[in-house]
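Take this structure first; my questions come after.
Going by the order they are written in, the chains are A, B, C and D; count residues from 1 in each one.
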Amino acid sequence: MRDLRAPFLPALLVFIAAVAAIPIVSNNPSLREELFLVLMLVTLASSINIIMGYTGYVSFGHIVFFGIGGYIAFWLMQTFNVHFLLAAIASAIPAALIAALIGIPILRLRGAYFALATVGINEAMKSFMTNFEPFGGAIGMFFSFSIYLQYGGAREAAFLAYYTMAAIALATVATSYVIRRSKFGLSLMAIREDQDVAMLVGIDPARAKVMAYVISAFFPALAGATFFFKNGIIEPGPAFDLLRSIESLVMVVLGGIGTVAGPIVGAALYEWLRGFLITNPTFANFQLAIAGLLLLLTVLFVTAGLVGSLRNRFPRLRAYIQ
Amino acid sequence: MRGIRFFGLTLALVGLVASACGGTTTPGATTSAAPSQTTVTKDLIIGFTASQTGAQNVTSKRQTDGIQLWVDDVTKVGGIKLKDGTVLMPKVKFYDDESKTDRVQALYTKLINDDKVDFLLSPYSSGLVKAAAVVTEQNGRLMITAGGADDVTMEQGFKGVYQVYAPGSKYLVGAIDLMLKLDPTIKKVAIVNEKDSFSASVVAAANPYAKSKGLDVVVAEGYDTGTTDFNPFINKIQAASPDAIIGGGHFEDGTTFAKQLFEKRVNARFVALLVAPPEPTFKDIGDAAQFITDRYVAKYNSQPSYQSSGGYAAGLVLQKALEDAGSTDPAKIQAALDKIDLMLFYGRVKFSLDAKTHGKQVAHDMVYVQWQKGSDGKLATQIVWPSDAATAPAQLRK
Amino acid sequence: MSLEALLPSAIDGLMLGFVYGLAALGLTLIFGVMKVINLSHGPIIALGMFAVFILFSSFGVNPYLGVVAAALVGLLLGIAIYFVAVDRVIDATELTTLLATFSVNLMIIGVATVIFTTSPRSIDIDLGALRAGNVTILGTHGVAVAVAVLVAAALYGFLFRTRTGKSIRAVANNRAAAELMGIDSRRMLALAFGIGTALAMTSGALLATLFSFTILSGGTYELKSFVIVVLGGLGNPTGALVGGLVIGFLEGVLTVFLPVAWVPVVEYVIFVAVLLLRPAGLLGARA
Amino acid sequence: MILDVEGVTVRFGGLVACDAATLSVDQGQILGLIGPNGAGKTTLLNAINGVYRPLAGRVEFRGEDITGLRPFQVARRGIARAHQVVRPLSDLSVIANVTVGACFGRENLGLGAARRVAQEVIASLGLADKSETPAGKLNVAQKKRLELARALAARPMLLLADEVLAGLNPQEVAEMLTVFRTLREQGVAVIMIEHLMHAVMNVCDRVVVLDYGKKIAEGTPQQVSSDPKVIEAYLGDPKVAAKFLEEEGA
């Protein structure tokens, strides 16, 4: 297409891949751990951006899909010794199906009602898992260490998890970009702006929204499967952590809602800041308060987020930064 | 004052117990270095994470204090002296893990690879210990777990994880024995426990054990970590009118549970709760408090607790292993740890060598204390089980 | 299953329901007036707990006087929060106001954690108890119910009998029209936020006289308030009070038939079901 | 006839907003829909394109019964709508707004093709220099044109135009009327609700008058404007009304 003047997507993907390769090349496991987390947050934030940024539905409890993916994959690996990659895909499909099933009713709700419903679903799922003994109940599940043997040992499994997470992040970003530049994306943005108008020009909003919700559920499920595979332990608390869910929203807003690069910038920035605050003796204790202050300032004064503000300030950049 | 009578009958078990047992190792007691050799002083960096924020923050702090206390004591006597003349000065390096498993894993990776710490201790709480164990195993490192009593963790075929706490399965089984010895007519028992790794593994062993002893488990319920309202459980217990109540979890919930049991005047003849009652702050529930053994306060200059003792003991185990190995070579330390059979102020320490359960604590037994009214009319904790360590016979409500 | 537990459980639950209702009232009032879901609700409840705790443990102030103090502090705090975090974004999308109030949540938790740590605290009050059969009603619980009822009644009196109260309701109904009638809507919004916060702090203060708590305890009650508010209809004060009683009663009674740990599952399923089937709540939202 | 509306009734509670309304329009024809405020004109358009489901009656478009279809299904069959109260997709650029119109309508164009159509339409409506401006930042007249542009970009066979001229100055009105005439030449059918009588007189081929949801008159603009029933419906007093119409038409 003509308006793809700037090779934004390839550039972005190459950049992410290059950063992801640093810990491998320099053989730095702790950088690998940090980046694993960042890549995971990029995945979560970019996925949320599809339903929240493009479509305008604030999915507050979005982490529920991360948890569902993690649980199903973990259970498959532990009980049937299914290979991790297979288990991850096998967990993302039911997660997407669940998204379709709950999406059909709850996407009829608007605004705050939708946000609350997603919180309710996440909490319902968390308390259900807390009681669901086949998945370990409140204690969750814990790998027998021999599970890692088929990947060549625990260390190799950690690398496999890292590569997989990088691949998931790249796929999420690419998907996010493709959607944003597609007709489907345009229909989502029309829905975000005015659902009635969207319907009058020929868009089936219910269908488009459910599609967006399903896509935005798929990648977090993969990320959950990978995250808990590496952890070797899954519990209801970390799997359905509402705070993590809200933090992902914060990253989207910080970076620039509705842009492709925003969630990436936001996730990296947020995680870097937290790492800095936690290890800094002066600020360690005030970590949460500072995060809160920063969020407030962003919400009040930099509504469009970093990437969004850049685009607004320098319209010429629009062709280069999506 | 009615409360006192009730709590006089509350049995509790606790890990930190009297140095009545012989063969105690204390930091100052070790002088195995040969005087002729030249001494080389090296730092021994001990890495771990502490939950300075999040759900585990209070108890984790106690464990950190325990570790720090051990470090201070060792420093005071001039370090750990090895046979080859090396003197190791322990230093701690720790980060805040926010009580989150993913932070634990990132930070243990950092401790191992960036900070290049010499030795690792565990975070506090079974869940975080598991997460850390995965990383130390991935990196082929040794870790002594100070705060993780869950059985399952230690049954995964780990190679370099060693458990100081007695595994959870042991915690309440003894209480059932004691109870039945005191009164064989006890028939109905209610089990109400916290739903965390530790308490669940306790109950997973205690529940079938109770049934095997012919007891009738009339209530079996779990409560979420952080529960503050136990009335729903207590109403159920009251309706089932059991002879005994066992369970609990950690300090805070156990204290609250006990307090609310008292408020509702539950008529059980025997109550055994995990961890909570020996704590000095048990005073929140009435006059029962001021009687914690002065001995610990005097000896360690800090409020003792189950968790801080765990931290201190983990330090001692490491120290002993270093001395036995005579070097900081991981393979030698591991061999020394495998062989350890130690009696600490804390109890006996010995690790399983079985491939599947390697590193699991096999020797440490639980000790039970009871609040009893002394001849002066005041309440004090007495060790009532096991019988060879008992300071007073257990009493049961008539 | 033990039916003997039914009566005491139902009574226990219902009594707690009054305090839950009070917390939910604060949340629903703010939503009703300005369509903002206050995500700092939980930490504010926790602040209510600590207000009483500090006054009691450091200055020996009677906890029930502490409840009054907590309400006053809440009013001022709420007005401050409104002007700092909400005023500027009052007309923005729900995401913006959600995040703005969430940032207040983070700041309160962040600072309060440093000051108070997350150690559990409790306030020891013994007001005796009423016992009949296997029903025990603790004095503290009885007083909490009484205070909750009084506060709710006072709020209704304020909203329906006073000029200021009527102005707040006018602003809630139609801000533009209220302004045409000469009402300073900004002041009313700030006041409503203050009252909502005061209610949350009051309920927190009462809860502190019943159970032990940490600075993070508010989260549980915040989620409970969401459930109650949706059940009663977002923005409907009477709905919040009734919803509180319903949830309290359910929590009590369900425990007799289910393992206690399953109760939250039922609660959240009801919550989502109400949102889907009757988004206006069981009592219907105010127009 | 491209559109046949027969006996369509829409009711809100006890209020009958549209009472057995019947009308039809053919290709290349502009039908004026007039009537006093609250006569049910907008309701009728909403019943045609599926926003409301008629209680009774039938809507037939190009020989197909489209009664009760959802709005997006109606749109995909070639009926476009321009609103009285403009509803731009504020955060999207002008070109994106119009592309949305082109994309999802009858022809189901790809993004590239839709964009080209959008550019043409924008140019024809004089918005070319605003192409990249967020729609929310346009002035009222520009928004009106955008609203029409979005509808036209769908290349509809039938355009439902709801008071698109209101609020425009005489020159802008004249420009808009040219657009309607061009549409007629292209064979597009138009139903326009309009209060500007001179515009109706000027451009409409036929006029339908609604009052209290009922059709009270139909015919050429001249026939309708001299119908006493119509005049009475508008102003109660036929004499005043006649005078009013004269002035406005001038």
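By our rule, a residue touches a chain if its C-beta (ideal position, glycine included) is under 8 Å from a C-beta of that chain, and two chains touch if they have at least 3 such contacts.
Model, not experiment: these values are computed from the prediction.
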item	value
Most distant chain from chain C by Cα centroid	D
Gap in Å, rounded to a whole number, between the CA centres of chain D and chain C	50
Length of the line joining the C-alpha centres of chain A and chain D, rounded to whole Å	44
Chain A-chain C separation of Cα centroids, rounded to whole Å	32
Length of the line joining the C-alpha centres of chain B and chain D, rounded to whole Å	79
Per-residue overlap in chain A, given as positions that touch at least 2 other chains	130, 138, 287-288
Residue list for chain B, restricted to those that touch at least two other chains	53, 195, 222, 224
Sequence positions of chain C contacting 2 or more other chains	113, 259, 261
Arrangement of touching chains [line / ring / star / complete / other]	other
Contact pairs between chains, per stated definition	A-B, A-C, A-D, B-C
Chain A-facing residues of chain C, complex	31, 35, 37, 84-85, 88-89, 92-96, 98-100, 102-111, 113-114, 223, 226-227, 230, 234, 259, 261-262, 264-265, 268-269, 271-272, 275-276, 279
Touch list for chain D against partner chain A, complex	49, 51, 70-72, 75-76, 80-81, 83, 87-92, 96, 99-101, 103-106, 110-112, 114-115, 132, 150, 154
Touching residues on chain B, where the partner in the complex is chain C	53-55, 57-58, 195, 221-224, 226, 228-229, 231-233, 235-236, 238-240, 252, 255-256, 263-265, 284
Chain A residues within the chain D interface of the complex	1-3, 181-183, 186-187, 189-190, 192-194, 196-205, 258, 315
Footprint of chain B on chain A - complex, ascending	28-30, 32-34, 36-37, 130, 137-139, 142-146, 153-155, 157-158, 227, 230-233, 235, 238, 278-279, 284, 287-288
